[in-house]
Amino acid sequence: MITILAVNQVEVFYHKVIQVLKGVTLKVNDGQVVALLGANGAGKTTTLKAISGLLRAEAGEVTEGNVVFRDRRIDRDLPHAIARQGIIQVLEGRRVFQHLTVEENMRVGFLGLGGEEEAGRILQMIYDFFPRLSPLKDRVSGFLSGGEQQMMVIGRALMSNPKIMLLDEPSLGLAPLLIDKIFEIVHRINQEQKTAILLVEQNALAALEIAHYCYVMEDGRIVMDGLAEKLQHNEDIKEFYLGLNSVGTRKSYREVKHYKRRKRWLS
Amino acid sequence: MSSPAERKMMVEDLALSFGSVQALSGICFTVYDNEILALIGPNGAGKTSVLNCISGFYRPKGGRILFKGKDISRLSTTKRAQLGISRTFQNIELYTGLTALDNLMASRHIYIRYGPVAGSLFLGKARREEVKNRAEVEEIIDLLELAEVRHKVVESLPYGVRKRVDLGRALALDPQILLLDEPMAGMNVEEKEDMARFILDVQELKKIPIIIVEHDMGVVMDISQRVVVLDFGTKIAEGAPEDIKHDRKVIRAYLGKQAKPDREENEPVSA
Amino acid sequence: MWRPCGTFDDTYEKDVTIMRTAAQWAVTIAGLVLLGLLPFLLGGGLITTLNLIGVSVVSIMGLHILTGLTGQISLGHGAFMGVGAYAMMMLMNLTGFSFWLAMPLAVLTSGLVGLFFGLPSLRIKGFYLAMATLAAQFIIPWTIINVRPDLTGGTSTLTVDAPNLFGFAFSSQQRIFYLVMAFAVISVILARNLQRSKVGRAFVAIRDNDLAAEIMGVEIFRYKLLAFFICSLYSGLGGCLLAVWMGAVNVDSFLLHESIWYLGMIIVGGLGSVPGAVFGVVFIRFLEIVSQSIGPPIAGFFPDAIGAAVKSGISPFIFGLVILLFLAYEPRGLAHRWEIFKHFYRRWPFSH
Amino acid sequence: MMSAAGRSIGRIAGYALLVFLVLALVGPSPSMADKPKSLAVAIIGDLTGPYASVVGPMAPGCEDAVKYVNEKLGGIDGVKMELLVKDNTGKAALGIQQYEELINMKPKPLFFGVPHTPTAEALREKVLRDEAIGFFPSSIDDLYPQGNTYGFYALYAGMTATAVRWVKDNWKEERNPRIAIITWDQAYGRAPLIPEFFDYCKKIGVDIVAQELFGVRDVDLTTHLTRIKAQKPDWLLTNCTGSGPVAIMRAAKELGMKTKLLNTVGGGWGTMRLDPALFEGCVSVLHNISYDNETHPGVKLVKQYLKENNRSIKEQTNFYIIGWQYILMIHKVVQSAAAKVGWDKLDTAAIKAELNTLTNWEPLDGIVKVTYTEKKRSSPWLVVYKIEGGKLVPAGGLGGEGKFVEAPDMTPENFR
Amino acid sequence: MLSLLPQFVVTGLLIGSVYALIAVSIVLVFKATRIFNFAVGELLALGGYFCFSFVVWWHFPLWLALLGALMMAVVTGFLVERLVLRPLLSQSLLTIIMATLALGVLLRGLMLMIWTGYDVAFPKNLLPGRTVLVGDVAMSHELLWAGAIAVTSFAALAFFFMKTNTGLRMRAVSEDHELSMACGVNITVVFAVTWVLAVILGTLAGFLMGYRLSLAPSYTPLLALKAFPAVIFGGLESITGALVGGLVVGLIEAVVGGLIDPNLGEISAYVLLLIVLFIRPEGLFGLKRIERI
């Protein structure tokens, strides 16, 4: 297995003050689906943005560590340059260009490599993946349903023939049946296109079903990792999501208070 | 569990939509006096929308909100603030150009009584009112340990401190009910512990109900007396933290539909 | 905060006081005395410019409150000054009111007109509001020129009699200096006080986060209108003083160009700061004069054939260039630089 | 992106520049002897603003005339003239600042040429207060209630009255000629629109059929002309200049109108050069001899100066000649006043006495003709020109081909 | 006067088409970068002057002169974006507005230096044709050309946006900067292209108005003031809106000015603007945004 993407000890600050990532290390092998799980605010999205270069747009920067894609360091590149190398991030929350039609949305994702012919070929492929989009291609995308938008967004990412796709919470706010459908397609893309996928999800079990490997993040750090099959049956995962931290035991927030007070008096 | 007299706020059949998207429907819950009620649910479940409806920022499509027995659903946000409904914000919506002290003082707005002329002269009455309200605010500064940053412009403060100023500003309104929107988001364990302590202190001192929206289950389980769980804009569970932890619907909402407890049930899944 | 190291407050009463030490009082009084002596020390040209700066300071306090504090962009400031100036001139000419009676009435008129044009702020903000004030900037001069040219003089210049205080006529620039500076100092003090009062906090709350302000009990629309009203009071007063300064009114002095540069002054000075607004006025007004007077010498370096051409355009060119460079290197305005200076001064000679 | 060091150097340089600029403001001022070394003469006017194409050439005119006086005439009785030029870019406020700066110089300049109407109006009482003399090209009636202001030429109402009289003089038909007024909506443009002028038109039998006003910066007059066209006028009459006459004639042409324009000072060379074909057949009432009068010695002289000093064709306008007129007039009155009272007693009163008795004075072989009296401080002498083949040629009628004629007295009732 | 209405309508619409060019120039920049370009007037005057120089100074044939002026527009647009606006990209909105104002003053100085403050005019009959009379309605060839060139420009612009990849990317960027970057769009290139296009439209407007009337640094830039109400009518974010807004402003100015009083015509657009702002604050074609906290 070849590692195509490696994130090494990356630290990220926003506005030079707020530290969000505190040394994140992970890797994605060619053709793998890797799931990145964790609670809200753990730094999952920031990790993806550190890879895709979008951090800069919001005054964030990688201060330590590096990101290596196919043996080339990319953490100093601009977002569009990174996209051109084959790393496409699918942003959280079904972000669509509302006033563009479905097909235009897709075409924005096409980077012009291979010309019009290639664009037509990929478009056809996408409509094969998502037959539901085909009749909607001239519809303004703002009027699509949530599921259709999510399909379109994934389709748009495929337009650039990505080597690796960074998927940020594709199931967010979708009905369960649709979530199933989306994951099935993500699985198919991985199987048929051999596209590696780094998947950030809250829907842990669904993600683990299609993932090969899994990382769990908390507070800007990776706190657990392992093969997906193993983690799938791990009770810790469930507990993690319900708030009982798997790393050691800790005091209740109610008791912390008294301890803190005392500490202050002593110091 | 409680007698009707202790009911501070009742949310009845709340419904909200953005265009054709149904954001909330049929939300009902009651907030009892002097309790911490946690509002949880996965991303996009509608928790913040509920807070926005209570504080008057969104106009619900249906249902009512009763506060101390009075229907407030038609009142303006400002009126609601005057009734003592105060809140913090998910993304810290502070007045970035003011100092921490002035942010808190700005919340005393409805209690400070003088006009622009007195303000321009800044003599006598204006000065007395300022000093009087300053004393109130200083209590909060003391409570939240903000003394050191009192005269700092909040823009320059670290994230955790700004979260605290946000809480302080909500308190300076002298609330009858406090709504906290993800007070712990983006904090490390130590900061979370601090914040939890502040929230508990506030409740102990002010004896007011608090609604808290929070993702960190550890915090929710530890500090709240009751939990309301939302998913897809509807309420799916309500109860004590211990019960919620073992509720199948809740586990399913958080872990996804393939969670094992569900398989045994063979419940049909609706689209 | 002006105080040096080692001065602490033990009551909140003291904490709201601006003047804390005897030294501060001494410096302030010395400054005022020096200001009073200026007409005897400086030439007429410089005094005239200082007077214009004083007039602009009065006027800019309004824009400081409206745009700097409340965040409502106004492109109609010049027109509101015009309302004040014309109202005063007409009251003086038609009813024979003295300056001291006509001026307050004119200021009030300006305030009410400003209030009217502030009404759209109920529903709009940002550029759309800026455009509503731009409409004011066109409609007001149009009204002055066209509606009753027999009273306003239309586009002609009408003279304004010099104000008279107990027999002391403010008839020369040296004398006008005292009138203008008195108003400027009072305006600055009032504006500074307003900023630190309840009202000022509400204004900034609206600017920084109107949604949060509303939820925290600030009646947004009322305060936006109040900001428009106060702004127009100051600009009306500025207009009256400008009329006294010129000894005349002409609608040319209240056109879009003026409004834009008033906005420029508070941006260059640094939004939301009274000293910044004052520095902005001084900076722009001097830059105006300086770019005018160094233009010809610079053109002198060029050969005759293009020298004349260079001479005609060098002043605006320098003016624009200096502002652009200023924005690129000091985007936070002169107030920021002033803060750094004060910081340095307070700790001098110990650097931390 | 600049490095941090580069940035701070840039910043320091910026502040240094600013300090330098402020220092540059405070310059040394000369002292005065019995017979002064030089006589300061000032112009404050719109040299680069909206009126620049009109009044701008006055500055070079003055410069060249000062050169002529100092080099060819040996100054005023040996005293050199010194010109102080201030460009107020069309802003009265700036003009006031510049005036106060000049008037506080030692010795203070006695003469102020102010080719910008709002500034001139704002200054009319200040020059009286400061005992200076103002020369204002804006010959507007209400500039002259006080005693220290002079116009370079006739009242504008007098000029338009002359134009109207010329029309009537050359009128062949039974009915009265129909004239439509379209002019600038500011003091200068509106200046002819006074009761005296309308009474005069009625008296000589000319019908004013339309009256439209437009803004100085307004260059699109299609709407105005459409309204005028509906009234079927025989002539258009305006008192505007710069781009104004061009805008009028463009709009008329766009609407397919054949009506020609009567103009005053704006009908001179400066305006016509923008589009000579447009003005073919139009009539201009000027106060100076046309540049197209190639044989006139005065015209030859100024043209020679224009050429020698590399002046562009755009500066060959009547305001260039006004510059000459201004300087030569000062030369004349100061010289005779100094001869009478002596340089040490030379004051405003003495100079005014000379100005007020200036009669039929024709400098440079009569390139202009000036008469002032105590009550009428605007000179009434005008020439009527017609534009033919892109040149200003003397128009027939009014008793004289290319000769000065006296304008009807249009002094308003209250100033007589 | 009512019989003149057809004339006013026709003239108003034709002149309005030039206002529309300027309005679209403003909207293009605003959509892509959120900057309200107050220097648009000076940029269009500059464009007019470039045309003038090519035609009158160097005697280029018109098509070549126009081409040359458009090339200069490309250079200007690029320089403005690169030297003035990009360094200020992260600054506050008011700072950037101020920068466009200062840029305007600087450009005016530059124009005064190169072309002086005197008016200049194009030779007449540069464009073929003469005044056409349809019944009582007169249409000058200048105005007809203005209308024709404006319409062609809009068609070209529509083609560019709907059919080319760059156009598509510009539309994408104007909706969502971050998302566009995530899709691999180089937004700095898009910003530069936007400014270039905006200056090109300004240059066309400057040429048309300059040819119809004349050029001077003092009044040509003021044409932009006609476009401001047009932009707000249409809503700051709609190109169609700007187009319609421009026509409406031209129309209302001519009709109100013609039937009531030309002076009233001058400000009628602003009066209407105030009314529109009261009734429909987001403009006729603007988007209503849902605000969230």
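The letters A, B, C, D and E name the chains in turn, as written, and every chain counts its residues from 1.
Please note the rule applied: a residue touches a chain if its C-beta (ideal position, glycine included) is under 8 Å from a C-beta of that chain, and two chains touch if they have at least 3 such contacts.
Every value quoted in this text rests on a predicted model; they were computed, and no experiment measured them.
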item	value
Common touching chains of subunit D and subunit C	E
Minimum number of chain-to-chain contact steps, subunit D to subunit E	1
Chain pair, C-E or A-E, that carries the greater number of C-beta contacts	C-E
CA centroid of subunit B to CA centroid of subunit D, Å	73
Computed distance of Cα centres, subunit E from subunit B, in Å	48
Centre-of-Cα separation between subunit C and subunit A, whole angstrom	52
CA centroid of subunit A to CA centroid of subunit D, Å	75
Sequence positions of subunit C contacting 2 or more other chains	145, 211-212, 312-313, 315-316
Contacts with 2+ other chains: residues of subunit B	57, 89, 93
Sequence positions of subunit A contacting 2 or more other chains	none
Complex interface listing, subunit C residues touching subunit E	67, 73, 119-120, 123-124, 127-128, 130-132, 134-135, 138-139, 142, 145-146, 211-212, 256, 260, 263-264, 267-268, 271, 309-310, 312-321, 323-324, 327-328, 331
Touching residues (chain side subunit D, partner subunit E) in the complex	47-50, 52-53, 56, 90, 185, 212-220, 222-224, 226-227, 230, 242-243, 246-247, 250, 253-256, 270, 274-275, 277-278, 312, 314
Residue ranges of subunit C touching subunit D (in the complex, touch as defined)	43-49, 52, 145, 154-157, 159, 171-173, 242, 245-248, 250, 252-253, 257, 286-294, 296, 304-305, 308, 312-313, 315-316, 322, 325-326, 329-330
In the complex, subunit C residues that touch subunit B	1, 11-13, 15-16, 190-191, 193-194, 196-202, 204-205, 207-209, 211-220, 226, 230, 272
Subunit E residues touching subunit C - in the complex, by the definition given at the top	30, 36, 38, 84, 87-88, 91-92, 94-95, 97-99, 101-114, 116-117, 225, 228-229, 231-232, 236, 263-264, 266-267, 270-271, 273-274, 277-278, 281-283, 291, 293
